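In the two assemblies presented below, chain A is common to both, partnered first by chain B and then by chain C.
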Partner chain A sequence: MASATEQIAPQAVGRVERLRKVIDPIILAVLILLGWELMIWIFKFHPVVLPPPSRVWTILSTQGDFLVEHMLVSLKTIVKGFTYGTFLGWLAGIFITYSRTVRKAIQPILVVLFVVPKSIFLPLLILWWGVGSDFPNHKIVITMLLAFFPVTENTIAGLSGVDREMVELTHSLGGSSFLTIRKIALPFSLPFVLAGLRIAMTEAFIGTLFVEILVPNKGIGSRIVDAQDVSNTQFIIAAIMVIAVFGLTAYFLLQWIERRLTKWY
Partner chain B sequence: MVLRNDSAVKTPPSWPMALLRRAWDTKELLFTLVAILIVWTLLVRTGNFHPIVLPSPQSVLGSLIGNAPDLAEATLVSFFEMLLGFALGGSAGFVLAVGIFYSPFLLRAVYPFLFGFRVVPKVAFLPLFLVWFGIGLTVKVVMAGTAVFFLILVQTLLGLSTVDPSLVELGKSLKMNERLMLRWIRLPAALPAIMVGAKLGITYALTNVVVAEMFTSTKGLGSLVVRARQHARTDLIIAVIIVTAAAGLIVYLTGRAVEKRATFWYIEEPT
Partner chain C sequence: MGIQINDIGKIFETDDLRVEALSGISATVQDNEFISIIGPSGCGKSTLLRLISGLIEPSSGTVLIDDVPVNGPTGDVGFVFQAPTLLKWRTVFNNVMFPYEVLASQRNANASKADFEARAHQLLEMAGLEEFTNAYPKQLSGGMQQRVSICRALIHDPHLLLMDEPFGALDEFTRERMNEELLRIWRETTKTVVFVTHHIPEAVFLSDRIFVMSRRPGTILGEVTIDLPRPRLSEMRESVEFLDSVVETRHLIGLGSGAELLSEDPI
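Entry: the complex of A and B
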């Protein structure tokens, strides 16, 4: 269940290859940084337009804890929305797979919800709950909406891929439908669901960051808007880097859990 | 009227019957939609909600019809920005992917960066793009383009690097040079993966255009919904949501149809 980005991972065969797999990205990073400095040097960009890497580094080293502190505030929303959204998405996936009526009644609506840009709901959600409400609030609902669909999609894919013979075997041994679902279908679909969780985590980051940037209040997205108001471009870039680090950490954490739970697969 | 139960060949039903059967197939969906409408109406009638919180279905319908020209114009503006971003971002991603594919150094070096960009919400770049490109058309096109760019880049690389080796061998035995090989073997074989990226990419482009419009704009669906909120016109908000959903559905279905058409020869292998 590798995503497209993982499937293009360079294949390392020999020792030299394996070494270059690590060294080449570092070389590219150094080249990019040099090119960045050089561009500023040649085109004389104003630091508001493009600050040199050194200035971004200064922000990271002096205001690093401030950035991380606000990132943690955002992370709370992300994790909440992720948890509720993926759980509901998982349930929806199960019901859609096993009930023809539910499938016919709500799947078309879910498809529409899936393809509509979710951001369009934000004004309505703010009207309903204001910006002060703790739960449900607009941030969590948008994050939930985004985290919902990858899990639903993958749960349906996983459950419909269950081996018919295994199901029939359980039935012929006297297992009820519920037992079959619990003992065969759910474990079988687990790798799919976990892969969906990984995508949902990335989506949850998008949801929370979007709301924080559009309706500045709390969290790192709002601090980015503050920085934009005072034309503090180096702060924006530093903040994006912090978000990237947290995003990668969350992604690899989920991947690690996935590998541990699906060793048998 | 002759009833023929014995015939194994089913004659296709005449078109009014087929249409009826289709309609009957959607009865559950219709039931849900009607149920939503009834609950909504009951809530409005009995719940004593202020129309700002929950407008009646009739007033939403009214503002759908009354604001039809505005809604149509906003949709067209958003579609235009979406298509422009898709075309520019997609072609940039495609060209860069082919370039990266032919450079062993870049193929190895670029991988962690692709990963990093994948997990960063593109919306975080919006304030930066506003500094660079102002609040005009450019920033929307750039936002749409960024999403499409990375998708097409990754999917093209994926397609090119998973070409069936026996096809490449075939090309070699025909003494094809690399240019011919790219044109007649690698790119056609990569097309299904690229089309998956294009299908997803056009949806992402619309999403990002709407986000950029909501942030700072005077035109398009995103700005219309923000203005409706500023005027406390909840009926118009819901009307814009309905139109946006329709727009999203059209974009998605068109993308899917184009993908099917372009890769009709391709049979997806079971994973």
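Entry: the complex of A and C
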């Protein structure tokens, strides 16, 4: 059991640790870039196979705006799919936990949806709505499907973890089951749900970019396919870097929110 | 608040399991009496508490509180569990205030928030926790957390306090201090207390009477009346009368002097 006195952390050690946490990965990244450049110089790779970092940098500096612009188009789909998918996933988790009827009716369908690769629905969705449709949109649906399950699973795990005593606490005071869910179960499950959101965000990136590459139309995934058609390898690598930066930002944003909301945990 | 338990039985049944937890329990608890229930693990002590609180219904027999049959939770009960069961996303103060929110949500609510807040501060001060008012549970030690949960059980000034092995997880020193604090609080507020434990000296120190229960299905083997004067003081733990009561309780449970050293299955 943590006591009140165990809270004090040595300040000086913390600062060095934090600095090293930033500096170490930067050193490693620089080393990888140097090794990469050196390897091309030694093995004489053709630039189509592996362009040097300098060429990738040229793309980033001259076409960075273009890349970010298309990344933002993708991001819009990612955020929409993530928002709808996780919200529905959360609701499904709540209803599955608390309603026997819903659980029995919905569980088999969800298991099927969970087990099959989400991409198999793509041809059907495109047949229904075409590739150009803004809403409903095949990309959003695939992204939703991928973002849905981590939140459902974690919501169920969180709500099921509520102690019997906590429930008895409200019931012994005459509180309703609805009140117990609202005041006990939902706050209790919050850390689980937030962890689920973080997984769902990476899944949402996978969903949208995957579909953009498979069925090129809009977004940065489609521009990668364009570059592949003309063997513009440095553009592909530059695009991957832009996607990585956005992916990381989204991940850390959610982690930051998670820490802020669960300081008590 | 007087409690009357008439020939209660409780059977838990699931698809493939049938457990008779309690059988033929009858007892009477006087208003403002401090009662301990003692017995081996799994003898249905906790079940009996939940029956009194109205959380569960008996399979046979009735529980009357002030001559009214218990028919579901009344809200006039404070419950303390073995684990502190604090809501860790709430500060100490908001944990103590939790019963207010539950009571205020009900139709016949006439609770005043200001009164409850004043009382919360008063209880936390009494428990020596006023400087932790805005701390989160994880910042407190186990004993402190349990004190918070006792404050929470007292915030709505219930007439009945039900305690399910509240000090079971504490070390001996903390346990003795908490016993004294509990008696002080009880003296200042006068409530009927039903206290479940399997610690004999604790039961003797706290109680007016001890009900001794048998193994499953739980029945009441007998009761021990403790004649020690009140207020109970720490030094009484070493008195002859205290030790006599401990011995009497031990014999009722079936532990002879020294027999527990040989027993394969101690409490």
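Please note the rule applied: the second predicted complex is superposed on the first by the 241 of 265 C-alpha atoms of A that agree within 3 Å, B and C clash if a C-alpha of one lies under 4 Å from a C-alpha of the other, contacts with A are read in each partner's own complex, and residues count from 1 in each chain.
Simple rule for what comes next: a contact is a pair of C-beta atoms (placed from the backbone, for glycine too) under 8 Å apart; a residue touches a chain by one contact, two chains touch by 3 or more.
Here the structure is a predicted model, which means the values were calculated and not measured.
Legend: residue contacts after superposition of the two complexes on their common chain; A:25 is shown touching chain B, with no touch to chain C. Of the two partner chains, neither chain B nor chain C is touched by A:42. By the touch criterion defined above, A:187 lies against chain C but remains apart from chain B after alignment on the C-alpha atoms of chain A.
In the superposed model, A:126 lies in contact with chain B only, and not with chain C. More residues of chain A lie in touch with B than with the remaining chain of the pair chain B and chain C. Shared-chain residue A:230: touches no atom of chain B or chain C. Once the two complexes are laid over each other on the shared chain, residue contacts for A:112 go to chain B alone; chain C is not touched. When the two structures are aligned on the shared chain, A:240 is found in touch with chain B, with no touch to chain C. Shared interface residues of chain A, touching chain B in one complex and chain C in the other, are 4, 7. The part of chain A that touches chain C in the complex is made up of residues 1-4, 7, 163, 165-166, 168-176, 179, 183-184, 187-188, 190, 262-265. Listed in rising order, the residues of chain C touching chain A in the complex are 50, 53-55, 72-75, 77, 79, 81, 83, 85, 87-90, 98-99, 101-103, 105-106, 132, 135-142, 144-145, 156, 162.
Contacts from chain A toward chain B in the complex involve residues 4-5, 7-10, 20-21, 24-25, 27-29, 48-49, 101, 104-106, 108-109, 111-113, 115-124, 126-128, 202, 205-206, 209-210, 213-214, 221, 224-225, 227-228, 231, 233, 236-237, 239-240, 243-244, 247-248, 250-251. Chain B meets chain A in the complex at residues 25-29, 31-33, 52-53, 105-128, 130-132, 154-155, 157-158, 161-162, 193, 197, 203, 206-207, 209-211, 214-215, 221-222, 225-226, 228-229, 234, 237-238, 240-241, 244-245, 248-249, 251-252.
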